[in-house]
Structure formats: C-alpha cells, structure tokens
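Look for subunit A in each of the two complexes below; its partner is subunit B in the first and subunit C in the second.
So, the complex of A and B:
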C-alpha cells in the first residue's frame, strides 16, 4: 500500500516536470519580454516586474516596429487563404469519399502527397511565377501559394469526416431529387461542421506560421507577415535587443495560442486524423 | 465492392450527370493544384538542368552539370549527413519519449488534462519563434539553460557555438517541439484499444512490464510507425528551425538540405543549382510518402450499404 502511494507521488512529480518542460521555454520568453535590456543579464531572471517597463517594451513593438501592420497582413492572408482552401477542398474531400471512378484513389494519394512536398522545391518556381504575374509584395502573391499548400491537408481531413457520415443520408436526399453538389450544400455541410473546423484550424495554424515561401515573395517591409517580421530581428548583425525580440516573439504566438484555446477540441482530432481510425 | 457501389449509383444518376458532378466537385481543387503545385514542381525539375543568370534574367541549359557539381562537392554529403542525423536521431528520440508519455498518461492522474493540454502547445508555436526562445534559453552569457547546466555540474556547454554540439541542439529543440505529436497519436490509439484485452492480461497474472511489452506495444505499433514516418518526412525538410536557431552555423555545421537549397536560391540566386538540391529532396520525400501510404490506409474503399 505504501509502495503504491510512493508510486503515485512519483507519478505526480513526473507529471509536473513534463508540464514544466513543455511550458518553460514559452514562459521564459514571456518573462524576458517584461524586462529591460540590463535586467535580462541577471541569471536566473528575477520575478520582479516593472509595469512601466512592460508598457515600454510592448508599446515600442506595437507602435514603433509596426506590429499592427504585420498582424493585419498575417490575419488577411491567413483568413483569405483558409477560406479559399476550404471552398476548394471540402467539395473535393466529399467527391473522394463518395465517388469512386477509375484512378480516383491514385488522384487522392497524389493530392495528399503534396502535404509532404518540401516547400523549397517549389519556392523558386512559385516566386518566379508570382513575380511574372506582378504580384510580389501583395496579399494575393502570398494567398495563391498558401492555398495550394493548405489544400492537401483540407482534402485529407475532409475525406475522413465525410467517410464517417452514412451514405444513406446522401441517397435519401438524392431520391428526393437533389444532385450531389446540392446534397453537399444543403444536407451534408451542417453535418461535417466539426470536420470543416478541424481543417480550418490546421489551415490557420499552418499559414500563420509559414515562413520560407513568404520570405521569397515578400520583400517590402510593409507587406511582411508576422513570422517574417519576427525573423528580421534575428538576422541583424548587431547584438539583438533581447527584450524587444522576446516581446515580438510573444506577440507572434499569442494570436495562435488564443485561437488554439478557442478550438482546443478540434486540434487533437486534426492531429490524429488519418492515424487513428 | 466497387461493382456494387457503381451499379447502386447508376440507378440514381445517369453516367453523364455523374461525370459532370465529379468534375464540378473535384475540378476546381485539381486544377488549382495543377497550376500551383504540379506546374511549379515540373518547372523545378526543368530548372535543375539549367543555369540562371540574374543579370540578364536568362536560363541556359547545362544538362546534368548542377547535379554533377552537387554530388562532387564534399559539402553536399556533409549536408546530407546532417539532415539524416537530424531526421533519424530526432525521430528516434521523439518516438521513444512520445510512446513513454502515452503510457505514462494511461494512468489516472488528477490534473492530467491540463498537462496534456500544455503538451500540445509546442507544436503550435511559430517555428521562427521557437528558434528565438531557444536562442534565449541557450544564450552563452545569460541563458537559463547554461545556468542550469553549470549548477548541475555539466559545466558550460557551447550549445550553438560548438560545431560538434550545434546539430544535437537542433535535435534537442526539434524533439521538444515534436515529441508531443507522437504522444498525441499514440495516446489516441491507446485510448481506442479495447480494455478487455488488458483485463484478461492482468487476470492471467502478467506484470505491468509483461503486459506492456507483449500486449500494449504490439497493439500500438501501427500508430507508432505512422507517427514515426510522418515525423521523419517533416523533419527531413526542416528549414525554419535551422534558420531561427543556428542559421546553418557554426561554420555550416547545421546546414540541412532545405537550408542549403534556400541559401543557394534565395541568397546567391543560383536558382538552377538550388533546384537540383531540392529535387534530391523531392525524390527522397516521394519515397517516404510511398512508405507512409503503405503504412496507413488513407482511404477506406467500401461500398455503400
């Protein structure tokens, strides 16, 4: 009995350690973002915070470094790309789940395999294409490739969710005279709402974080998305202002963390989609 | 089964209408990917046999010279080695730790939901910011981790400055970010396993260790393999983390294939040479994806009831 109790205590200690390891780097960055340049040099950092210093760090980043603009750019690009990817990917997922025609499996695998394509492999042609179209330094120049990157993920997730809906529902609606596209629009869309939310969640996270292709396509500061803006701090040759860098880092991930908390239950479903069935 | 489903559908819609419907549902998506994924991918292949001149914005056909240069440069093989180490070591660590975490959380612990929630966080974070936060943690002058290392008696570690250590630092940070991914997948599989098998096992007097080795792990194997292959393909193309954490350094010790392709393309504007590097990656990734699709049945082909 006592051995059992010791085991329980050990388990709780281990669990707390796991939580600390997972959260510590983020909390450390948060603490640094509250400090002055001088105070960062104190190891380990004290937990003494000065409100005016916090205000000065965040004020500096938001007002002087133009972070409102970057967040706005990221939000527009992320929102538009996700919506377009859903509009194209949801019907495709439905078609793959229901319509079996010659080569449909090969086509589905091909689309899904693009999920794993190394972005560097297409970055140059896409950049040259966007430049040719005159869309460098604009929202559309980012939205067009981001939709392509998100689509395979959306199709993959949607096939799984459509597969879970009994075919009888479609057939009943078709007997009532609806064609497939109308069945999707009128009958099935409400039923696959969780799937759409899972797909949207992952689209948003992926696009918000995307960096490599963005770096190629955007070169004027006014059009930076937030990862590009954050990365610009790391490239300067002079020593980094770590309190400002930390503040930028926190502001970059806060929107994604808040968003993730709102859609928490869809995240685990999305990660396991395709794996556990 | 396919025969049943198609005869079933014929009754509901004539073939021409069916074709039209398929086209309407699938066409836009397929067309989009042809223009923005397949076309660029083919262009890349063609460019890998060409040389780009940034001054005149012109391309010259040079055959396999890019590939020849690549394969004969000692640097390329070092980069391949780095990429393989990062992928293999990272995935091995993540699979072991992720599975251990899943087994650990199979016991009932109060507050476990909160800790499992915290575990999801690292993989949602912007990779560039992950690089930033670890650069702070590993800072040689005031970083918290060196302070801890010194306190624990390991002494000062040149996490990002020692060429023999830097690649392993990448493995460490990649594992911090992605062990939770393996955990989530294996844990979900564990939760979905039928409980009666385990009850029978414990009635038969099997110890926890025996049950884990002979019952649980074999049952978890499909999920573990899936997570491992999935992670391997992703780790293989790691770019953002390298960019944010080491920027390839010190002295190119942490160049990965993605990073080398990026340097040649973006920085030096050697688009043809960069395309050759990235095509080596495309072929490797294609092999990995084929493997993955063998492991996981992406689609369940079944006839409607």
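So, the complex of A and C:
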C-alpha cells in the first residue's frame, strides 16, 4: 500500500468516526421513538422493532397530543418571521453595502450588537411590550420579537454577500436604465441568492428552536410552538414517557432537516464568477 | 448622437478631495475624444460625471442641448463600457446585450434584431448562449462593447476598456474599437492612461493633470506642439529628451548651449516662436524627440551647429532601428511636471532623474538607423534635427512661443 492510499484510508476512518459521533444521538433518538415505555431502559437498545408500537407512539403524539397543530404553529411563525426578516434585511444589507451615508458603519455594527443580547435578558421586557400591544397568545406576538432577533443576522450576512459584488455591476445596470431599487430586484437578487438562503437557514433554525420568549408570550395551548409543547411533557404529575418524548423530538427535527437539505443544494458559492475581468 | 460639453466643471468629494477643477471642453458630434493622464488626474471622474455615476459639484455638463447635472444615469441616454466590464454574471451573452433594451421595453422583435446585429459587428454570434464565466477576456470585452452599442445611445463612455487585456489583444481591440466607433459615427469619450492608445484612437486628445485640463488637440498637434512640459514628457514613446540649455545670441541668430556644445537655432524656428528672443541669456528647457537624433556618421554632411557629442551608455537593437542611450554633460529638466510624469511610470524613475541632476548628466535617447556603429562605452557624434526643437520656460513650465495651458490666451507664456 502506498503512503497515498494509507492517507486516504485514515482520512475515511476519521470522517466516519466524526459522522458517527454527530449522528449517534439522533439515531438513538430515532430508535427510542420506536420503542415501548419499558424497552427504553434497555442499554444498549435492541434493534427489534414492533410496527404496532411505532404506530402507537406516533399516533399518540400526532393525534392525542395534538402535535399537528404545534407543527403548524411553528411553521407559520417561523415562515412568516423569516420572510419578514428577509424582506427587511436584504434591502438593508444592500443599503449598508452600497450607500455610505453619515454614520452608516456605526449603525451597521450597532445593529449586529443587538444580536449579542441573550433572549433571557430581553424576554421579560419583550413580554411586557407584547402584552401592552395586546398581542399575547397570537402569532403576531411571536412573529414581532422573532423578526427582531433574526434581522441583525440577516442584515450582516447580506452586507457580506453584497460587498462581494463589484459596484460596477450596479452602475452598469443604472446606465442600462434601472433605478436603485430595480437594480436590487432585477440584477442583484439572483446574484445574492446563496446569501439569502444562508440567512434564511440561520433564521429558520433559530426561530424553530426558540423557547424562552415563546414561553412568556404564549399561554394558550392552541398557539404553542413545538419547543413549548415539548416542554409540557415534563410535568410534576406523571413520570416522563421517554419514548413519547423521543417521538416528539423526531417530529421536531424532521421538518428542519428537510428544509436544510433542500436549501443546501442551492447554497453554492462563486456564482459571481465572470462578472469582472 | 450628440455633443457633450463641460462648462467649468469641478468635482470635490465629501472628504474634501478635489478631483477636477474648472474643466471646460466641447466634444463634437461624432467625435472620438480621449481623456488621458496619469492615475489620479481626474479623467475617470470626468467620465463618470457624464454618465451620472458621480455628482457634479461645480459647473454644468450638457449632452446635446440638455443640462444633465440632476439627471439619473438612465435618463441621460449614454452607454458605458467599464474597465472591469461589469457583465451580469447570471445572464447569457444574449441577455447581457439585450438587457438595456428589455429594461426600456423595446418590442421583442426589435430586441432580437438589434442583439443579432451587435453580435455580428463584434463577432459574438457563436457565444450568445454562453455565460460570462465561460468567455475569454477578449470575448468579455466584446460583450461589454455589445451592451453599449446595442443601445444606440447619444454618447459612448469608455473607462480604460482595454487595460485588462494582454498586449497583443489590446492592439487588435484598439483598432477594432476605433473601427466600430467610425462605423457607428458615435460621439465617444474614452478614458485611458496609455498615451499610445490616446494617440492612435482619438480624433482629439485631452491631457489632464491633477484635475486640470492641460491641452486639447488632435494627436499630431499634441505631439508637435505640446503646451507645456507635462504634455511634452507625457506624450511620446520613448519620451521627449529634456535638458537644460543656455540660450544665447550669436551672429544675429540664436544658439542653444548644451553640454558645452552649441546648437544653432534656424531663423525659421525662432520666428515661429515669438517670445523666444526674450529668453536670450537665460536657461531654458530644451526638448528633443528621439527621432530628431541620428548618428552623425549616417547623416552625411552635418554642419557643426547641428551636432551633439556624448557617450553611449546602452544600445537597444530593435531590428529596424536602434535606440541609443547617450549621456550628455548637461543637467536634465527636473521641474515638477516632469517629475510627475516620471513618477506615474515608477517612483524609481524620479530617483534616477535626481541622481542625473546631481551629476549634471542627462541620458538622452536617440533613434538611430540600424547601420549605426554606436556601441556602449564609446563616444558618438549625433546629428540634431534643429528644425523641430522644443523650448520650455523652466519657471512656468509652459512651452515658449506657442501653445496654451487651458485654451485661455492670457495664459500663453511670455
């Protein structure tokens, strides 16, 4: 065996190990979600699966516990918040990248610093504001703070992507007959699509998993998002059904996993190649 | 097509930097006007102000009869070719060229016809379906041209469009752009820092320095009658030899004393430069183009008043001719304008100039016939074509006798 092949084998072994470490908790969760309550205490878990048990676990979560509603709530809140954050953040990123107005750099870094604030620090004031607006127990009450949390990140990711596009492209488009807003819409948006998708991915993952602010704002069960619903499994009255908790976990992860995989295919860099020189 | 006129145009950036001052110039309908000058001279700023990409701080720019100062670029009906081409990377060549027409809601049939026509002129028919990333540098340059010509605009603006191409392709595209411009009869403003491009392409050339217009003239006039030391040393390759010389009256005529030798100034030359007489007894800047220097042994019978002796330093054999670098015992002209032109090439050339000045030696370049026996280390006798000497005032740096700095007659040298 040549040194080259040894190197290949070693690198494959390392990659497989990393893959196993990364995937193991998720696989364990998946296996647990297929088990009955008694079986989950077996370590290591057996790979003997019972179809009726699987059906009962998932049926229980989806129908009896009403997870369809929670997934729907999460999807609405996540989708709307992300879209609004993008609609505001993409033009803002463009403006910060191109129009150097007085104090624009300071403003841009100030916006980012808002993102450093941990939710714990702001959850109570946000709750009070939302309550004052009468938006508690509604989608809008969740969407507003989530947009505020996501926006700085979107703006910053977009500034980076816009900065990579030469200014001459904008200028050429303006000489060709477009005004600034149309330059953004017709020429630049296709070029920063990877950036938009990166920003959307970060936003979706953050909002989908957000728990603390949601916990303050939403009390009525009908508006629970998945993280809040999942936490309700922990009650003082009854012991935890780990198999049911695992099923909830799987149902929480799957939508976000599907989204990430779909988006990933479009996040390709180097789309601006050939613009200049 | 239309005229472009600048009236006392100035540009001051927000940080207070001044890029252009009192710039006045009229570009005629269908004219190919070249703006040339070292980097930072304001040529690109002037161009971008016509395009509407840079606000006009002072004065007025007109395209045709319209003052365009406050107009958005899209309303000026100009097309621009950028230095880095600025093609839309996600669009095919066809879409790149068609884009401005589409934006202007041209009927699709019309778009198709005009894009095909532009592609034919530029030889891009086979590339229409490709994206910019798949094209060579020369092809991208053509697409950028295509994007401009398809519009049939009032004015073409080109910002160093050839500077990213390699030397051979540049020569070819130079001819091609000149041909297309001629074919379309389009008013064109072309910015370059390459004086060869300026000389070969322009109907007229405007030389800028530090935001000020130095001279506007057809290339040959610029070459033969530079208004000042800046234009004289900027235009021409190899550049004009400039040495300090004492002007003296002798036998009713004028002679020029260089390196202890006397060059007789023909009566005709003195007459054509009124005001030269007044410099008798003073030191002036003497300009001699390389082609005015020839190996005296090849020139036949050369009168004493047309000879200069010096020591050959280097010889460059170019096949058809020979460039001889000859050291004269005379101080070089080291005024600010000459330094700037040198510095634009490379800062080391200013240091060379200073060491020459300290040693009171100047290396001049002569274009000798290929039969010349001049070799490094040997003395050589040169024949100077005294009918085309250039004289400059070392204080004002202006040419003596003719030429103006900004076209305003009161600024003519005494």
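As a convention for this text, the second predicted complex is superposed on the first by the 244 of 277 C-alpha atoms of A that agree within 3 Å, B and C clash if a C-alpha of one lies under 4 Å from a C-alpha of the other, contacts with A are read in each partner's own complex, and residues count from 1 in each chain.
The rule is simple: a contact is a pair of C-beta atoms (placed from the backbone, for glycine too) under 8 Å apart; a residue touches a chain by one contact, two chains touch by 3 or more.
The structure displayed is predicted, hence computed values, not measured ones.
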Which superposed partner A:80 touches (first subunit B, second subunit C, both, neither): neither
Subunit B versus subunit C as contact partner of A:187, first or second or both or neither: second
Partner chain(s) touched by A:230 [first = subunit B, second = subunit C, both, neither]: first
More subunit A residues in contact [subunit B versus subunit C]: B
Partner chain(s) touched by A:257 [first = subunit B, second = subunit C, both, neither]: first
Partner chain(s) touched by A:62 [first = subunit B, second = subunit C, both, neither]: neither
First, second, both or neither for A:124, with subunit B first and subunit C second: first
Partner chain(s) touched by A:171 [first = subunit B, second = subunit C, both, neither]: both
Touched partner set for A:155, first subunit B, second subunit C, both or neither: first
Intersection of the subunit A residues that touch subunit B with those that touch subunit C: 166, 168, 171, 174-175, 179, 271-272, 274-277
Touching residues on subunit A, where the partner in the complex is subunit C: 166, 168-169, 171-179, 186-187, 190-191, 271-277
Of all residues in subunit C, those that touch subunit A in their complex: 51-53, 72-74, 78-80, 82-90, 99-100, 103-104, 131-135, 137, 140, 147, 151, 164
Partner subunit A, residues of subunit B touching it in the complex: 2, 5-6, 9, 12-13, 17-18, 21-22, 24-26, 28-30, 32-33, 36-37, 39-41, 43-44, 47, 101, 104, 107, 109, 111-112, 114-115, 117-122, 124-137, 139, 141-144, 147, 176, 180-181, 184-185, 188-189, 192, 223, 226-227, 230, 233-234, 236-237, 239-240, 243-244, 247, 257-258, 261-262, 265-266, 271, 274-275, 277-279, 281-282, 285-286, 288-289, 292-293, 296, 298-301, 304-305
Residues of subunit A that touch subunit B when the two form their complex: 11-12, 14-16, 18-19, 21-23, 25-26, 28-29, 32, 40-45, 88-89, 91-92, 94-96, 99-101, 105, 107-109, 111-114, 116-126, 128-129, 144-145, 147-148, 151-152, 155-156, 159, 163, 166-168, 171, 174-175, 179-181, 184, 205, 208-209, 211-212, 215-216, 226-227, 230-231, 233-235, 242, 245-246, 248-249, 252-253, 256-257, 260, 264, 267-268, 271-272, 274-277
